[in-house]
Amino acid sequence: MFQVRIHGRGGQGVVSAAEMLSIAAFDEGRFAQAFPSFGSERMGAPVTAFCRIDDREIRTREPVNEPDALIVQDPTLLHQIDLFSGLSPAGYILINSTRSFDELGLGDFLRGFNHRNVCTVPATELALKYVGRPLPNAALLGGFAAISGQLHFESVARAIEGKFSGKVGQANAAAAREAYEAVLAARTAETAHA
Amino acid sequence: MKKPFAITLDPGSSLANHTGSWRNNRPVYVDRLPPCNNACPAGENIQGWLYHAESGDYRKAWEELVTNNPLPACMGRVCYHPCETACNRATLDSAVGIHAVERFLGDEALRQGWALPAPAADSGKRVLVVGAGPSGLSAAYQLRRMGHAVTIAEAGPMTGGMMRFGIPKYRLPRDILDGEIKRIADLGVEIKLNSRVDSILEAMTAGRYDAAFLAVGAHIAKRAYIPAGGAARILDAVSVLRGMEDTDQPMLGRRVVVYGGGNTALDVARTAKRLGASEAIIVYRRTREKMPAHDFEVQEALEEGIMIKWLSTIKRMEDAALTVEKMQLDDQGFPQPTGEFETLEADSLVLALGQDVDLSLLDKVPGLEIADGVVKVDRNMMTGHAGIFAGGDMVPSERTVTVAIGHGKKAARNIDAWLRGGKYAAPEKHELATVERLNTWYYTDAPQTVQPALDIARRQSSFDEVVGGLDERNAQFEARRCLSCGNCFECDNCYGVCPDNAVIKLGPGRRFEFNYDYCKGCGMCAAECPCGAIAMVPETI
Amino acid sequence: MLKQIEGSRAIAEAVALCRPEVICAYPITPQTHIVEALGEMVKKEEIEHCEFINVESEFAALSVAIGSSAAGARSYTATASQGILFMAEAVYNAAGLGLPIVMTIGNRAIGAPINIWNDHSDSMSMRDAGWIQLFAETNQEAADLHIQAFRLAEELSCPVMVCVDGFILTHAYDRVDIPTQQQVDAYLPRFEPVQILDVDEPVSIGAMVGPDAFFEVRYLQHHKQLMALDLIPRLADEFRQKFGRDAGGLIRSYRCDDAETIVVALGSLVGTIKDAVDGMREAGHRIGVVSICSFRPFPLAAVRAALVRAKRVVVVEKCFAVGIGGIVSDGVRKALAGSQVPTYTAIAGLGGRPVTQKSLVGLFESAQGDALEQLNFLDLKRDVVEREIARGRKQRRAGPSAEAILRDLRALRSGIPLGAA
Amino acid sequence: MTQQPVKFYQTGTFTVGNRLLPGDERAVQANMRRTNSLNSGHRACQGCGEALGARYAIDAAMQATGNRVIAINATGCLEVFSTPYPETSWQIPWMHSLFGNAAAVAAGVAAALRIKGGKGAKVIAQGGDGGTTDIGFGCLSGMFERNDDVLYICYDNEAYMNTGVQRSSATPPAARTATTMSVGRHPGNVFGTGKNVPLIAMAHHIPYVATASVANLRDLEAKVTRAMGVSGARYIHIHVPCPLGWGSQPADTIKIARLAVESGLFPLFEAVDGEVTARYQLRRRVPVEDYLRLQRRFAHLFGATPDTQTIAAIQAMADRNVRTFGLEAA
């Protein structure tokens, strides 16, 4: 079972991101379970959503306390809540930011992590570029497909296009594709580096 | 439908619950006596015939009417309608114009030629009626209907009695009078004119009559001694009015003075005016309030230019001048002479001081008692001589046409019972439907219809009828003003207001019944009955 | 058709396939998505011949459904938490009148303190109202139970609640097989009411019943529930034949054949317990789980048969009868009456407290050593409770506990000792 | 006010029937074949105004719809006295659910009828003042606001009679009830600000609102008939005296209702789409004292030293009604 935890703020499509992940997994014939951290949050408040992906039926209903991957949609949350709780150094991290981990002040924290598994993506900028709105979730999902290897980009793109209809869907998918390719490129560079 | 137990029930199943057991008062339908009926000297069922008139069934209304009175067209004109004085509607707006509806029905019957109901099978009995006035005609009519053979012996040359000889044409046109009398004759009543009965016993024996009804009118004028010069022309009212029925009308001159304060005085004065008198003056010794004449007649007379000198007595007559003394009322209200005199120009003086009955036919009848110029009768209208009954002006009573007709009916019922060897027992009178018994909220406001009246010029110059009749539309309107006091008129109020649907409506003309299985005795039906036809009576255990 | 779909949406689609005729909606978290979806489907005419009525309260919601059901329309509504309490009078009334309304409960706690998260307090509060109560383990079952619920309700003329864990199921995206209209039509016949407000055949429904018959009417409600004990498994069997999967039934056992310890639970908790059981089985523990789907009627015989050979029973329940303890456990103990099987109650997950496998395994291991109290509180913060009790002892005007505890917890997190501020 | 005055003076326009009128112009209650929707054998008190009002209204509705009425009843006297197991007095499809939900249940029935066809049936919800102006008020307002196709009839007897005469929001000032006893310095009910549900109904701008009285049958029937011809939410508020609760003579029920109208305390009017379109003009205006004196619930206002101040305050209420509703002809 692969468990993802997504952090963001109300209004950033955190819950939708988890849902799209689950749909992409479903599309590949896998089992998936997406759910939000339930609450009465309003726009701007910190929000968490979860997605489990497995090859057999997922029965457990507890929250994801030990995620395999973490998607952070809003870097301003970094110093506000314990984002990395339960994440093992073997885990994946994807952060929406134009800056590097060092610039974000995470250099030391990530020293034990596999550098192929952690990445930042300028998802908001990509969204503004393709969609015209600062909604980073789709781009991050493209990045997630690249970094985690859990899902094919095509199924993620289909899930995005299913969630956002028409042109908006295509634009989000395009943002996701650029993020996907950027992360792949970064990983290739990382490999070459290593 | 397979209904769930207990929570779902069949419609109307509460009929099994007889709530009548809750009751400690029960409503009952009653017929109370309407005040009009109670006041009618002729005993008419006024509310009864108005009921039919309301629905436009004039034939039925007239048939109900003539059960008690064969002369409605006359009565509607000349009756002083005590019914209207008693009418409960007067407390709301004004009394129902009963006389006007009665007259309309009477006229309608004459116009349509409706016949009176056929008499019952021949009883084999013969009755002699003396006098063809209202009382005699009424008795003859009732007796004939009961199957008896009736003969009227009339002394005069014409029927109608005082209706003809005492009431001027302008109040009672003669074709109306004749029409209604003819209808009685058509029933098989034999009328012998110019047949004066000198001795009743002889007449009965000669005609083999089993009973007799004496109904001789008061045709003899009372006289008063007034010193008069040789050329003075003094007449009495009876002869003047009687003279109007002759071919030669009485000569009264241009200035006529009438002495008296009754209706007859007014009739004479108004007649004089119509005969061409430029001045017709009534001299009366008391005030208008004390005048026995009916107010509406005084009013009509004044309208026609009749002058009245109140508080005056006539002392003497010299040629064409009268000496009149002014009077004043004393503490007891009696007029006392003042010693003040004045002179009144007059071509003639008509005395209208009351009338007496000629009782000579009763001489030597054993047992028969006479006092104060009238015959004593018992409660059954029988004189002291078995088989001889009397009524109308002959007996102690108010002398009106209506009273006379009532006497005739009552006497007829008693004669009939006597002939059959029994005694007539009048049905018990219902409790009076006083205004307190009514719930007048339900009656809408509708003042009395004004009857048309002849214009003054024609009233002063002709004997045309002064007061006109109602047409069908306003006769019906007037009939519908009746409150139907004390008698159910099927307004459906009881049927409607019962919270327990415990009133059964039986259908048109059949009224209602209480369903005591469900009536809880709340009394709302009685409280909301407009006409007071429901009484609440305690349940007895 | 398989879909990756939100639980609420799956329920809405299942309800839509049942051809409802009147749907009443009043918003309350966490059932709102269901009626929102249905409202949209009615507006788009994806559900034909259906009235969607936005009412002014839950009391009105069920009352409208009472009226529409009595007038012969298949009627549906949904609620949760305070909502079911606000309609409580109508809940009893619908059952008393025998109206086959189906109502989804998105299970949620009841305040005060106000709390929007999941537990079973809401539907449990109405457990004796005369409704059939079915608990869904998964979103697939939640969808399927609604199809069975209409059939069950209408065959018995008895209202049915389908209880679905709020948020945990209602807001989770899961794989759900949504049946076809043909499948549902073949399973669920037209609604033929046993009583109807019909101008051609008038009846009075809802008479006042006195001591002479009220008792019998109540007994007949019980009788309906007893009939449901037979009907529920039959409908589940027929459902399996027509739809090719298990859903509903009275209870379901998992790895109980040789189990010494059997856990009993309702709703979505069962999935988490199954994973815990699998883990413990791998470690050699003889443990299994029984899931109760039909809480009303309570299947005493089936529960006894499933549990009587165990060495111990642990009932994990998301509801709490204050002043006595478990609610489900009462039924379980009654089912086991006369046997020697000890039954432990664990109150868990109240007000949305996560129930983790880790805690469950700890609980079950303690049970296996028979080291449990009869009444246990899973993951209750004892220290917080004790501090609050002590505080209350110190001062008369202690103020509201909820706020005091929140202050306490914030202080703990911040590392600042209590009272320092 | 709502019909042409009939010029038949013997019976007038005020009696139930009138043998002189053509059948179709007579009151429904005059009809030998009226439905008696609320049948005999019910257990209402002697002289019950509510039993009368209910039959008046439902019979009229039945006539107006060709006998296609379904009634939903709130808990209360009417419900209890009409349907004690094993007997019902209703001859129409009828249902009782709860005290406070008649409007909502009726809305549900109306919804079902829309979907199922329902043979053209129309729905009436009915309740007393407690079930309408108090506990059922939320559902009533919801029904109005949604404009559900329901006629709601409130039979207002001005207190909770079923439970033993307790005050409701429709209880008039100074009236004695079991919870506003005639004791203390201010005996009887408080002088509140009033809760005029017909006006509140009008504030919802529903298509039809009317007040009626058991004392004016023809007016009542005309209003019910009119209401049955309108679609959407409709409201009729009928004044029904209660001999038990008011301490009046059973036989006086209609008389008291009439005095309530004629004093101006209970104005009769109609409103279409939230605007008053017609009012009954007082025929014989009476002082409120005439009305109050017949009821023991106001007995403390009279006696040896009448409470003239309170009576004047009640008269002022009547005067205000006369002014605001234009109850007197100009």
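Structural remarks
To keep things simple, chains are lettered A, B, C and D as they appear, and every chain counts its residues starting from 1.
One rule holds in what follows: a residue touches a chain if its C-beta (ideal position, glycine included) is under 8 Å from a C-beta of that chain, and two chains touch if they have at least 3 such contacts.
This one's a predicted model, so the numbers in the text were calculated from it and none came from an experiment.
C-beta contact counts were set side by side for B-C and A-C; A-C has more. Taking the mean of each chain's C-alpha atoms, the chain whose centre lies closest to the overall C-alpha mean is D.
Put simply, the C-alpha centre of chain B and that of chain C have 92 angstrom between them. With centres defined as mean CA coordinates, chain C is found 34 Å away from chain A. Between chain A and chain D the centroid-to-centroid distance comes to 66 Å (mean Cα coordinates, whole Å).
The distance from the centre of chain B to the centre of chain D, with each centre set as the mean of the Cα atoms, comes to 50 Å.
Annotation for chain C: residues touching 2 or more other chains are 97, 198, 201-207, 209, 213. Listed for chain D are residues 82-83, 85-86, 88, 90-92, each touching two or more other chains. Shared interface positions of chain A, defined as residues touching 2 or more other chains, are absent.
Those residues of chain C whose C-beta lies close enough to touch chain D in the complex are 21-22, 24, 49-51, 53-57, 59-60, 63-73, 75, 89-90, 93, 97, 197-210, 212-213. Those residues of chain B lying in contact with chain D across their complex are 6-7, 9-19, 22, 54-55, 441-444, 446, 477, 479-484, 489-493, 495-502, 505, 507-508, 515, 517-518, 520-524, 526-528, 530, 536. Here chain D touches chain C in the complex through residues 67-70, 72-73, 79-80, 82-86, 88, 90-98, 100-101, 104-116, 118-119, 121, 138-139, 141-142, 145-146, going by the rule given at the top.
The touching residues of chain D, when paired with chain B in their complex, are 5, 7-20, 26-27, 29-30, 32, 36, 38-44, 46-49, 51-52, 55, 82-83, 85-92, 217, 243, 249-255, 258, 284. Chain contact summary for the complex, chain A toward chain C: residues 18-19, 22-23, 25-27, 31-36, 38-40, 58-63, 65.
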